[in-house]
Amino acid sequence: MDILTLFVVIPVLTITGILFLKDTRQVRLVSAFGMGIQLILAGVLVFAYLSARNAGNTEEMLFIKDYLWFKSLNIHYAVGVDGISVAMIGLTSIVVFAGIFASWEVEFLTKEFFISLILLATGVFGFFISIDLFTMFLFYEVAVIPMYLLIGIWGSGPKEYSAMKLTLMLMGGSAILLVGLLGIYFNSAPGGTQLTFNILEISKVSIPIAAQRLFFPLTFLGFGVLGALFPFHTWSPDGHASAPTAVSMLHAGVLMKLGGYGAFRVAIFLLPEGAKELSWIFIILTSISVVYGAFGAIAQKDLKYINAYSSVSHCGLVLFAVLMMNKTAMNGAILQMISHGLMTALFFALIGMLYGRTHTRMISEMGGLMKVIPFLSVCYVIAGLASLGLPGLSGFVAEMTIFVGAFQHPELFYRIVTILAVSSIVITAVYILRVVAILLLGPTTNEHHEHLTDAKWFEKISVVTLIGSVAAIGLAPFWLSSMIGTSLQPIVDRIVALNPF
Amino acid sequence: MSLGTFLIMRHELLLIAAALLVLIAEIFWNEDKRRYISLFSVILFGIITIAGFLPSTAGTLFGGMYVTSATTVLMKNILNIGALLVFIQSVPWLKKKENSEKTSEYFLLLLSTLAGMNYMISAGHFLMFYIGIELATIPIAALAAFDSYKNKSAEAGIKLILSSALSSGILLYGLSMIYGTTGTLYFKEVAELFGNTSLQILGFIFFFAGMAFKISIVPFHLWTADVYEGSPVSVTSYLSVISKGAAVFILIILLFTVFPAIISTWQKTIYVTSVLTMTIGNLFAIRQQNIKRFLAFSSISQAGYILLGFIGGNQLGMASVIYYLLVYIFSNLGAFGVVIAISNATGKENIDDYNGLYHTNPSLSLIMTLALFSLAGIPPVAGFFGKFFLFTAAAEKGYYLLVLIAVLNTIISLYYYLLVVKAMFINKGETPVEKFKSDFFTKLALAICVAGIVVTGFASIIFEAIKNLSFGV
Amino acid sequence: MSTGIPVQYFLILATIMFFTGVYGFLTRRNLITILMSVELILNSVNINFLAFNRYLYPHKLEGMFFSLFVIAVAAAEAAVAIAIIINIYRRFSTINVEDASEMKY
Amino acid sequence: MINFNYTIWIPLLPFLMFLFLGLAGHKYFPKLSGILGTCGLGIITLLSYITAYKYFFLSEKIDGAYQKITAVNTVWLQLTDKLHIDMGILLDPISVMMLVVITTVSLMVHIYSLGYMKGEKGFERFFAFLSLFSFSMLGLVLATNIFQMYIFWELVGVSSFLLIGFYYQKPSAVRASKKAFIVTRFADLGFLIGILILSFNTGTFDFITLTDPSGTAIAQGGGIAFLGLSVMTWSMIFVFMGGIGKSAMFPFHIWLPDAMEGPTPVSALIHAATMVVAGVYLVARMFPIYSLSAPVALEVVGYVGAFSSLFAAVIACTQTDIKRVLAYSTMSQIGYMMLALGVSGYGGHEGLGYMASMFHLFTHAMFKALLFLGAGSIIHAVHTNHMTEMGGLRKYLPITHLTFLIACLTIAGIPPLSGFFSKDEILAAAFHSNKLLFAVEYVVAGLTAFYMFRLYFSIFWGKETHYHHTPHEAPATMTIPLIILAIGSVFSGFIPFNELVTSDGKGFETELELIVAIPSVLIGLFGIVIAFIMYKKESAIPDKMAATFKYSYKWAFNKFYMDEVYLFVTKKIIFRYISQPVAWFDRHIVDATMNGIASVTQSVSLRIRGFQSGQLQKYGFVFISGAILLAILFIYLWK
């Protein structure tokens, strides 16, 4: 068993283990144990990856394992990672780990909850390790579908409506994506050799330009829906608002990253010429996402809605950067995915914890919580500062990399929209501070909130894990950035070879 | 020509023998022993199913009227598996007091239809085909009206028999034109002599309409929902899976081997009808309250997806169609199995009645969910693979737009499948289905279905085997 | 090759019969009459087969045999249909086709 | 070469102190954290003085010019092949000077706070934040590249936010901190855009490369034009926008008066002496580019500075909150510094304005910190900010009174106090290059003297006010810093800035230009006299004056309604006319479209249900017509 497959096997084993348990406490412990192992495994993977690179291994992907699955269609179960996937796997395991602790107090159908949650995680891990489009797509859908139950059963508010909307829109995206993938597959051998789903092999041929024009928009749009591309983002506010804490964390933190990662790994990498030709359309859409999401967040009253719109804005930035098609911007996109993943998970975790205490998410009904629950409040402020791009926390690193990268684009149009996107940092500051000011600072407005208890141990584990990661990336971004940068080189080389700027 | 050559007709002969045995048992067994008729039939049929997998040789009989090949054997085996599941599932239903008198009739009729289907699939001549198709249809009308004390059942019976008579008429009318223009009814010869004249196309369209009726392709599908709703659940499941499957098999054989000359015409026909079928099927399914009617429309839209495998006329297409049917058998019978179990236990057949089912009968709900996800094409269950291959087959020939329409349709279908899932898991039932224990047969059938749903997808060997036995135009 | 009535006449007759049958199927309210209309359709098909066989392909008998089988199958079909119609009559106390429409939409 | 490696500890130590106090202080040693923080800062101050000594007196000069020394530099984040953000320490005259200023004032403020903040809730938090601020500010001035500067620029912004909002349960403090952060953030947007444009055109962030007067960066940037101005000009104007925000120049000054909601030591440190001069420092840091490659941008700097100084001085004359008066005075003085930069040239005697600006920055830090700490001492004693509620305090607070008087005299430009020298250099520089700005500065000089002494007389003389508790002098922890800073204010004018801190690093000769100096002293005295007449004793003159110039007084008193303008823009335009419509649009148009697709599907589904009528014959009809239609379609249309 290779190390990468373990990332799928361990969650599956955990699920199997949970299936045979009756006691809620044991279910929690087993989940935490399984995901703890997963976290350790991710650490091992990072270490193994870095040492392999240091040892001079310059292959595009490492730890490649390839098993023929469906011979007639040349479908393989093929896994492999480069720095980007390693980083994403790291992110996922952190968020999942934190998510387990954030949902420690789920009482209703606990067993089913953790099974669905870990199933979702399985899909995400599988997605990131796959280098075969078929398996990638398979895991992608595996990750999406448990959302329905997770939101529908354990959610709040208009949960059924939100769950349905979210599922249908995301599956709609994946439907469009499927056509794009099939298009790539059937154009993967213009020389008449065997068709393939393998990303690495497809990247070595150049798909006819007519096909690229057709399939780039489909593929990008397909992934874009999950990446909350305007105007297909509306599942996000409703979905996040209704979802239980851990699900919001996982969804905004990890699942939305599937969109960005896929757009980058498939749409841009495999169809670079089409991307180059048509990127302007999506650049406009993503720029709208970035600014529009931020403005949308200002006017919201519900904490989760604010964060959902903020995610639209931040994830828009990911797609925006990916479309800029240069190394720095793409590097920024990956960093932004990781950074946003961590901090939005942190946000949702905190919102969940606040909700668990105050039983409301309306900012107007809370106030002055800093005095009552200082630990959570300080964490909230830190999350906010990370979100608005404070240096020293991860958001800054990612955003600056994106902005500098995007601004290196040779065409004036792209630089001007970059300035537009840059302006989102101010709007972000406005809505973050608005919330912080109303929610945490000032006198305690609601007398029911005067005797709330601060974070419990498991909540602290969840939050501290996330803050630690956010700060680690923010303070010392070099290793992560260069790990991603090295992995981006082949992709960039390919893009540059095809589209000399 | 020795008697041994008849052995290539093994499937049909065994079925007929079994039918006779059941009949004999019915006649000679006394009241006490009759209780075992269903068990006897199931075991008998189980043996037949297993025997179907014994290696066999290809060949022809009756001067080419009967043709068998590895492909047809495969198709028959798939049908056998499905029919076996239906047999097992219907045992508890047959044990009910009102049905105990008619147990052997039920098996007898089912076995005859299955024999008809097998003949149809193995036909090398339109006469054999016609006899097969009628043998497969007429007894089913009797089965649809099986619940003779229920209005709906009678209505279903009459709707089925008259519609199918009309469709046979039209099919035959088309066939007569084909005969008139080619002068032969042998598949092989028709294929050679078929041109592209207007009369032949007219004949083909009429013929196609008759076949489309069996597969319930829009606009020839209208009988489906009513008959599915009215018939006893076991019969419905048989209709939706086995009858439909057999018709799909023969249609793909006919299109690929008899009508390759007018491939461009039938591709367009398929294009139009498949878009109509999935869309209309889905649109109707959205609103359904009766679970059987719901599954009827779902099965109509499934037929639309299946047509995607036809359209390319490629080997991959045929393989994906056969494979999808195998998956579809497991998935749909899984869903029907749950419906049957609940219907038998409580008589409830509405989606509303499923509210809160998970809290009383978790395993049934899970099986239902699995089956519905498979029907919707959600990984990692087999339905995902099935749909993926169908779409791949269509995309291989460049029908991207059709694939897009199809995948968008799957979203609608996902919506209504999720409605059922929602009912079971999320909705609070005021009078939920009580907790009940299923008997051995139900459990067995559902276990096989679940195993099928889970394994068929991952085990690539199944698809590869089917692919090797398939052929293109 | 016999002279006399040209083959077209048979075909026209068959077509008229076919559409009469269809018309009857669509308009008559009595289930038995509908069944008879179906028989009309099947018989028109028979005429087609026979005429084609006799006039165009006289050296083989495929059409002849086909129509024989069609007649036989039609009989079986009618038997089942009538049985069901009787059941309908028992349940609905009518054999008007429009009354057998409990299930719709 | 002298080894400057140890300078890494100068910013690092406060950072560690911040982490230490922030994470552990609350639980384990809430009382001790003040002492710890102060000791830490004391060490840094010592290091800074050593560094200054070594840099100015021991390091090697080339061609008589101080060299820019990169003491430490490491790549923090590689962006493109050429562009990388470094973290490092750059020593040159201005950064070393700033080092001294920051550590000195910061140390004073730390010591002062030990007394001032004693017993406050969140004592340890206060010192943690102060450490964070010190770290950020030191990082800012020591930055080796513009991006590092931006990073610390943001960090000082956030520490300022945290400190203004220190009394987080006070709604006005919360509002003020929010306002400060958002306004400066908006300005920083300009800074960032400026950096992007600059780096795109020059391919580097590095200060040494960028500001090398003979380097390629300066030569290149002037060439490319966009909308009539060179790209370099654009980028410098944008960069300056950041400076405007941080230094509270018009029109981004509105946060500064409100920022006085923070504890007074904070106002002294951040909003008087150090952070607010970051904008000046920024322009000085980029000065060669402004001067050589973007003269238009430099003019903008000059005019913005001049206007702000006049604007703020006028408002300061009408305010009654003593901290607000000081805040406007700060804004006015920074306007001076900006103006000085704006009129300066590069190199040698041309660079007089540059030198003067830095000089004034230095002296201003001393006397303004002194003023604020004095004000803090007063507030500490009488528990109010409003000078209308004070009077005759000279008896109760002798030390405060004396030091405050020194500071007032210094800011009024009375020789031989330090303010006289630095202000005189600025006036001289303006005199030689731009007479209009020169004239404005004369007016401002008079106004400054007037409002400072208005303040002084109202507080320490004027009517005898009755106090609840008899005011008493502050403890030694508070008075010692006052005394030290007063000494600094008196004597720092004699530091030979013309030898040490110049635009090109080379020293040059300056002499006192009497033609400029004498009128300026006179106008200062004139202002003092007027204030003496109006406020020495309780008199009706101020009210009469206010009545006479009713409208202009009202305008000035209401700060020319700038707050209202901002409120209008943010509340009305952004919130009501952009955000809410966006939110509405999202819910009711975009989302409704998505839901619309679903409901259309539903309604279509309902519409077509008639096909499934349950009537066998209708089914038959559809069947037949379907078959016939298909046939027609394929025989006649698509064949």
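Per-chain residue numbering starts at 1, and chain names A, B, C and D are given in the order in which the chains are listed.
Convention: a residue touches a chain if its C-beta (ideal position, glycine included) is under 8 Å from a C-beta of that chain, and two chains touch if they have at least 3 such contacts.
Just so it is clear, the model here is predicted, and its values are computed rather than measured.
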Middle chain, criterion being Cα centroid separation: A
Rounded Å distance between chain B and chain D, as computed from the means of their C-alpha atoms: 77
Inter-chain centre distance, chain A versus chain B - centres from mean C-alpha coordinates, in Å: 42
Chain centre separation in whole Å, for chain C relative to chain B (CA means): 27
Distance between chain centroids, defined by C-alpha means - chain C, chain D (Å): 97
Sites on chain C at which at least two other chains make contact: 22, 25, 34, 97, 100-105
Of all residues in chain B, the ones touching two or more other chains: 158-159, 162, 166, 170, 225-226, 287, 415
Sites on chain D at which at least two other chains make contact: 598, 609, 612, 614, 616, 620, 624
Every chain pair in contact, whichever chains are involved: A-B, A-D, B-C, B-D, C-D
Chain A - residues contacting chain D, complex: 165, 168-169, 230-235, 237-238, 292, 295-296, 298-300, 309, 326-328, 331, 368, 370-371, 385, 388-392, 396-397, 400-401, 403-405, 407-408, 415, 418-419, 422-423, 425-426, 429-430, 433-434, 437, 440-443, 477-478, 481-482, 485
Partner chain A, residues of chain B touching it in the complex: 316, 319, 373, 378-380, 384, 388-389, 391-392, 395-396, 398, 400, 403-404, 407-408, 410-411, 414-415, 418, 421-422, 425-426, 460, 463-464, 467
Complex contact set, residues of chain D against chain C: 609, 612-617, 620-621, 624
List of chain D residues in touch with chain B within their complex: 598, 601-602, 604-606, 608-609, 611-612, 614, 616, 618-620, 622-627, 630-631, 633-635, 638-639
Residues of chain B touching chain C in the complex: 126-127, 130-131, 134, 138-139, 141-142, 145, 148, 150-152, 154-159, 161-162, 165-166, 168-170, 172-173, 175-177, 179-180, 183-185, 225-226, 229-230, 287, 293
